[in-house]
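The structure is given below, and queries will be raised subsequently.
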Amino acid sequence: MEIDLNADVGEGFGAWSMGDDAGLLRVVTSANVACGFHAGDPSVIDRTVGLAVRACVAVGAHPSHFDLRGFGRRNMVVDPAEAEADVLYQVGSVAGFARAHGSRLTHVKPHGALYNQAAADEALAAAVARGVARFDSGLVLVGLASSATLRRAAESQGLRFAGEAFADRRYEPDGTLVPRSAEGAVIVDPAQAALQAVRLAEKHEVLTRGGAVVSLRAETLCVHGDTPGAPALARAVRDALETAGIAVRALGP
Amino acid sequence: MEIDLNADVGEGFGAWSMGDDAGLLRVVTSANVACGFHAGDPSVIDRTVGLAVRACVAVGAHPSHFDLRGFGRRNMVVDPAEAEADVLYQVGSVAGFARAHGSRLTHVKPHGALYNQAAADEALAAAVARGVARFDSGLVLVGLASSATLRRAAESQGLRFAGEAFADRRYEPDGTLVPRSAEGAVIVDPAQAALQAVRLAEKHEVLTRGGAVVSLRAETLCVHGDTPGAPALARAVRDALETAGIAVRALGP
Amino acid sequence: MEIDLNADVGEGFGAWSMGDDAGLLRVVTSANVACGFHAGDPSVIDRTVGLAVRACVAVGAHPSHFDLRGFGRRNMVVDPAEAEADVLYQVGSVAGFARAHGSRLTHVKPHGALYNQAAADEALAAAVARGVARFDSGLVLVGLASSATLRRAAESQGLRFAGEAFADRRYEPDGTLVPRSAEGAVIVDPAQAALQAVRLAEKHEVLTRGGAVVSLRAETLCVHGDTPGAPALARAVRDALETAGIAVRALGP
Amino acid sequence: MEIDLNADVGEGFGAWSMGDDAGLLRVVTSANVACGFHAGDPSVIDRTVGLAVRACVAVGAHPSHFDLRGFGRRNMVVDPAEAEADVLYQVGSVAGFARAHGSRLTHVKPHGALYNQAAADEALAAAVARGVARFDSGLVLVGLASSATLRRAAESQGLRFAGEAFADRRYEPDGTLVPRSAEGAVIVDPAQAALQAVRLAEKHEVLTRGGAVVSLRAETLCVHGDTPGAPALARAVRDALETAGIAVRALGP
């Protein structure tokens, strides 16, 4: 048994920083690097990709709607051709930094509103998949594990799809996430996050808010980086997975 | 004898357009595609690179300071590491579109203030050259023909440098351009531009504002695209070059 | 009988221009000036407000979502408090230019997606109205004539609401506009636009796409500026209104 | 004897925050609110101006070059007319929030590169002063105490000028600041900052890096907000001033 552990990194911009990237990159196996559209100016990307490569963490692009003001979290109605070009642009730019650091891109995980909209909207899912595949059909497209929409879009473009689950987010009975605005949406206790991670990796299931257990098959687990104790939580998750005999290993060949 | 004929293209943004790219791309041999920092959103880049590839025109990146408001024409004091990352980011993004259209990037030509500052400032020239070379040292770096600074920077990074001269701009006795604000700075008469082009390609010299002739060795000639009659002027230049027995051919191997 | 004739102006940005503002400002009685969020940098605003004031045209703000890339035409899900602050920011900035030119703001007309969303979404309509009223409750809020939602929001903030109809757009039977993507959505023939304008002003009704006539009461008529012949069409509309004995006069006290 | 104590606030943007504004606003008498060009989106401005007004702190605008990426700290060559429009735009937008919170703007202090460039460049100083005066000639323009250039520009536009000194920055013998990059440029010890503040307020002089004492007449003292202990340092400065019998009071009539 094996699973990937990923985190969103490089989400500062100019004078502003966010999260403890260096701490997280000592723990996770895959990094999703912000590409400049919701966060991450070129200097931040350069530094972040360098950190990831030196830590032997797989480098992925984390493209977003063009929305610095809203941190890419605002759903918006975009023309699919525009979303496709946006994804291709962002993937190319981060791939350039991977190459400059002697590495290469392994995956692409859409960010925020683009992630959520592409999980549900067929035309947008197809646009995202095309944007990735036009750059390199050897890339893995990471998306919401329960989204058949994005999985189908990826596969019809010849891309491998990797379903993602969250170690530190509470789930609804239908396999979607409890919205951030709801109480208890985020799991802050490292022990609980670790338990949920092992259950997801071992049994492909998750305990939902209501107490029911639902099936959820994920190939990568996300730990969020925008909280002070993020590296410690990630470490607890990783230790628990390895103690349970699950190999923590990046996606990719 | 041979020379390259280049034009800056893809300089619209969102709802705004600029120049007759389709017309120019029927005439020139190299296209410098705006990368999003002074102009050129991803949809514009996608369309422009597609046009260039179908017209068998060599695709280059045209990186700029991050300055949409000033169209990249405002000199600014930037940290060299920041400029290096900016160039790498922009080169990567346009290279991704070239790849998506079944082609590859051949050259990089800095835009506006970055072009002028890098011609004179050693630290910035080195930063630009590093940004390009870190992506691909097989790329040609295009810059002001009279700039020894950028040439040295390119060569010390293992890049081929191609000096650029302007068919449609008037020159000063020291080989620099008459500033745009001065009368007669821009040559609008196609016949005169054609004459200047042939003289540059054949004799490696240019008639200056004062009437003197100075030596100027260029491997590529630029025709500006932001005037209504640009394609016609470019056509006159190309026809005159070919009539004079000079092969008009893209840079690159 | 009287009616206002308005146009959206100042929709260039940096090196890019749009429309013939000087031509339109010789014909209309109210100008909606882009505020920098979808178009209109400060230099453009300064020039445009100056033109409007010298032409004795009433100056209004034309606030938008923060969306330069999409020209403010992309619907997006925004927090109402954020939309309120965005409107207040933009109204304040254009009001400053009006004051600097010895005039004052008379009205506010939301742009593009914000205009359409606020016509239908109660929370957003309230946010827009609050943003305007917090600056100055003496301002007129201009919106889609058939939107009871925005009218109610304006009035509950103590603002005067002015319903807007379009001289050069085709209508659906329910009083909404035929989408721009549909054939015949835009009326380009000056004579037809003039006819529709007079009918709206005189009889408060409009001929719809299907041939039916629906009631529509508007206090201001818009002519679009982003077409080459816009000033001529606006002139035809104004002449027809005046010939029909309808006074063309700005909103306001 | 009296002096004003000011701080730069509202320098977050979107998802990013910076400094402890609430803490600082309990101590200072004047707040310089970022206007959106280097930091401060409309929601941040709304919240910050509200905090300042409730704390009875004088509200000022803190305009910058349009440079989110560089936090307004990158010197750039801008056309004076453009800088003038930029200042007017930003002053108008923050003034709108002051008005919405039942208050009014008292002063304008340029930020970062604009502050430094306007202290030395006559054309830019004149542009900044015109931008302020065109909005309201009753505003106080705050700038580097040792800059005769900006003082003259302010006065020739009929503006009151207030010279600013820094409680927590080390000075050079010529009255300019030791560059941030040099060791010891920033005074982090509250006791030392308090001493420097009292000396500036009482004796109009400052101890320089070399040990000499130079004359420096300031009407307002700045404490920086972008360090963790900023409110404590500001409190030490204020207490020391008041203990020395110096009234700490906002600029303005």
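Here are some notes:
Labels A, B, C and D are assigned to the chains in the order they are written; within every chain, residues are numbered from 1.
Operating definition for what follows: a contact is a pair of C-beta atoms (placed from the backbone, for glycine too) under 8 Å apart; a residue touches a chain by one contact, two chains touch by 3 or more.
What you see is a predicted model, and the numbers here were worked out from it, not measured in a lab.
Touching subunit A and subunit B together: C, D.
Of the two chain pairs shown, A-D and C-D, the one joined by more C-beta contacts is C-D.
Averaged Cα coordinates give subunit B a centre that lies 42 Å from the centre of subunit D.
Once the centre of each chain is set as its mean CA position, subunit C and subunit D turn out to be 38 Å apart. Of all residues in subunit C, those touching 2 or more other chains are 41, 66, 69-70, 82, listed in ascending order. Considering their complex, residues 66, 69-70, 74-78, 82, 113 of subunit C touch subunit A. Interface of subunit A with subunit D (complex): residues 12-18, 39, 41, 68-71, 73. Chain contact summary for the complex, subunit B toward subunit A: residues 36, 41-43, 45-46, 66, 81-82, 84-86, 88-97, 99-100, 134-136.
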